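Here come two complexes built around chain A, the first alongside chain B, the second alongside chain C.
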Partner chain A sequence: MLQRDSSFAKEALRYGLIVLVLGFIVFPIFWMIVTSFKPAADIMVSPPRFLFTPTLENYYHAIYDKNFLFYIKNTLFISVASTILVVVAGSLAAYSFARYNVGDGHILFFILSTKMFPAIAVILPYFLIFRDIGKTDAGRFLGIGLDQPGALIISYTMFNLPFAIWLLVSFFQDIPRELEHSARLDGLSRLKVLRKVVFPLAAPGIAVTGVFTLIFCWNEFLFAYILTRKAASTVTVGVESFFTLQGILWGPVAAAATISVLPMMVFVLAMQRYMVRGLTFGAVRG
Partner chain B sequence: MASIRAEKLVKRYGAVKAVHGIDFEIADGEFVAILGPSGCGKSSTMRMIAGLEPISEGAIYFDGKRINDVRARDRNVAMSFESYALYPTISIYENIAFPLRAAGMDNAEIDRRVRDIAGKMELTALLSQKPQGLSSGQAQRVGLARALVRKPAVFLLDEPISHLDTRQRYRMRRFIKSLHQEFNYTMIYVTHDQEEALALADRVMVMSDGEIQQMATPDEVYARPRNAFVAGFVGEPPINFVDCYVENGTGGWTVSFEGQRLALPERLSKAAERIGGEGLAAIRPHFLSLGDTSPLTLQGKVFVTEELQDQNLIFVDVGGTRFTLVAHPTVTPRRCETVTVSIDPEHLLLFPRSEARKFEDLAA
Partner chain C sequence: MSFSQAWDAGFRALLLYVGIVFVWLGLIEGLFSSQSTSVVVMNVVAVAIAVAFFLRARRRAVAERARAEAEVRALVEEHI
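Right, the complex of A and B next:
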């Protein structure tokens, strides 16, 4: 009896804590979604109203009046391009660090140390550099300049590579060398060994890295705010444009925020299987 | 199938020299075991043959053709690894088919070959599984099947059974021997276990410090080791060493140790001449017995007896030296009992004292 009581108390405590933590995480999202369907009059009232007549007015305002899907399109392009660059360059770099110990650990540490550099400290030089590049023909042709997607793609790639390399190195280190040796003796070239043996085994790690990078790019505000005006603005900057002189349009803000969270939610749910495998990686044994 | 020849083969890793310019020849279809303690250069040698490590100096020839600059994938060398090295993301079938697919063979032929080798290796029931659930014995058989499926010129085995438990090890040992007898591949087997080397190989190449200490048949390595290192490394329980003094008396060469003197048999006179003075005598535990049965006897005290049921190991203190001897299970002397140990002079070995160091390194 005593046993049952204590295990009941334990279970109750466990679920209580889960509810508490979930409340912190889920409630703001829930509130954002609820707010996005509220008429303007019901949003900023005290006490908050849970019963209201739902409306799509906020979405209409965000999508048609503010052209919010334009920001989504920009963000998607910039984030995906940057993530692909980070994953490709990061995987190759991490593989060579893991296998050939390039730079005896010093270069790897140096690369990681750039991550410790505060972004705010480099934003002004970045602004000036991209402004000047944007004035050149090559800059215009490649779309690298202020208020152009290239500037953000390059900045995001720069800022995510160190972390990506650092994360991926351990995944590659966990792949037994014998597998590569075996594949080489079995008749594959070095590049094919990478493609057919190493990368499939590192796939969970690459997936995790990709997810982290994409989420970072999607949520990034500082660089997007400083380096873009309108043409290349991303969702975070787009939401900020709802803070008008007439006041903050909370309904459309909530609708825009809901729209911009959705793609990431779908993406992460789709990648969940790989992420779990990736985060519990470390047991590739035959 | 191919014959292999190595000429002044050197492997350096930065400033460290792992293989010190060795020469050897392996005949077509021969089974050679490379035996040595860890760090002796045996794995580096094998990896240079495989093409996984560049050759620092010297050359390797397959069938008389220099292969230094031939890529690993073009050498037609198969290898079975200590850790099995199965590709975890694909099925057993695909693992075995892997080298055939890499060679661009057509599907019908691949299927025929995979099923053929899987049948021989008792793997047919497992073909659709992934490697994850396999027992270590099964995993090693898959590794061997993958190596054999493409009919390699040279088959390398890198400590293939050292991860298995004793019973499995015996089974796999017989299996590997039968593979060699059936397919007659040129096989090189790297191991640190002298018993495996003696049991499997046509010839054993004993390595230490990046050099070949002796390359000979198992009989010869066991009965006529070229130096104290080989004598000490090969044989279980390990050979007994004792400091001795060799001199030329009126009746020919004699050896004395622990206060005993013995006229050396004719067989050892050359060795005695070379040593002439302080030396190292060695005798295998199987050639020692309790009782007064030979011209050379020592008095000692029993230190410990291990009763292994099929035989007894008796450790006897003679002066400052401890001797191990193998006796019949009925021989069970008490601890501290004074006994007479007889040495069979026919099996006595002599080495220069300077080689004692190598043996001590090994024991430490």
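Right, the complex of A and C next:
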């Protein structure tokens, strides 16, 4: 009896701790969503009000007065373009590292080392480079310059590529070489082996890399804040635009934050099954 | 139903609740003459749908577990 009580207490403690940790993660999201529906008079009051008449006026303000959908459109374009570049370049690079051991591991380590310094350390060189490129005809034509989407696409690609390569290398290493040898014996060229054998087998890993890259691009703030002014601003910079000289518009801030979080949340929930499958892909080695 | 399944279903139910609030405030509230009535009905509908969603997820999880256990039992019996 005593033993059963002790095991029940242990379970209760375990789940209590899990709920506490998850509560810390979920509570800010809950607070943000609740605040986005509150009338202005109910937002900054103490004690906080949980019973109020919900309204969409904060959303109307964010969408119509501040044109927040423009930021969503920009973010979608920049994030998707950057994710495609990262996945394509990352897959090819990771495959070469996994199969041909390019650089004897030194280059792979060097690639990772670019993730060891904070983004703020490279933001000034990036700013100067894109400012100068933007003044050239080629820069203007390609949209690579300050306050242009190309600058953010390139920055995000450079910053996310090391992570993508490192994630993908292990996926490619888990694919048996014998499959590729058999395909070669059947007369397929190297590129066809890659396209018809390797990439389909590594699809869960490639998908999970794409999802993570998309999330990083969507949520990035520093590069977007420094490299854009208005025309290429993303949702994170759009939310910051509610911090006015007259004060912080908490209701519209919460509404804008909710609008910017929801697409990614729905996307991740829809992809959840594939993400878990991708992350556990090759976890059990025979 | 495991804890993680319950958490997942609960989080989705919460999102469903928020989605219903969005749709209600944007499209349905105008049909009500009194705002307070609309808010009460909205909450009742949203809670009912969210709870129904959670219960459906629970029923599915329990059925899935029962099916998996039956499969394992059949395999064990076959092996013996």
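Here is the rule we go by: the second predicted complex is superposed on the first by the 280 of 286 C-alpha atoms of A that agree within 3 Å, B and C clash if a C-alpha of one lies under 4 Å from a C-alpha of the other, contacts with A are read in each partner's own complex, and residues count from 1 in each chain.
FYI, contacts are C-beta pairs under 8 Å (C-beta built on N, C-alpha and C of every residue); 3 or more make two chains touch, one makes a residue touch a chain.
Fair warning: this is a prediction, and the values are worked out from it, not measured in the lab.
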Using the touch definition from the top, say if A:M265 reaches chain B (first), chain C (second), both or neither. second
Touch test for A:S170: chain B only (first), chain C only (second), both, or neither? neither
Is A:N67 touching anything from chain B or chain C once the two structures are fitted on A? First, second, both or neither. neither
Chain B or chain C, by number of chain A residues touched: B
Please indicate which partner A:T55 is in contact with in the superposed arrangement: first for chain B, second for chain C, both, or neither. second
Where does A:Y15 make contact in the superposed view: on chain B (first), on chain C (second), on both, or on neither? second
Examine A:D186 and indicate which partner it touches, taking first as chain B and second as chain C; both and neither are also allowed. first
Of the partners chain B and chain C, which touch A:S6 in the superposed model: first, second, both, neither? neither
Per the touch rule, the chain B residues reaching chain A in their complex are 47, 50-52, 72-73, 75, 77-79, 81-89, 98-99, 102-103, 131-132, 134, 139, 143, 146, 150
Residue ranges of chain A in contact with chain C within the complex: 15, 18, 22, 26, 30, 33, 37, 53-56, 265-266, 269, 272
Interface with chain A, chain C side, in the complex: residues 3, 7-8, 11-12, 14-15, 18, 21-22, 25-26, 35-36, 39, 42
Mind listing the chain A positions that touch chain B in their complex? 176, 178-179, 181-189, 192, 197, 200-201, 284-286
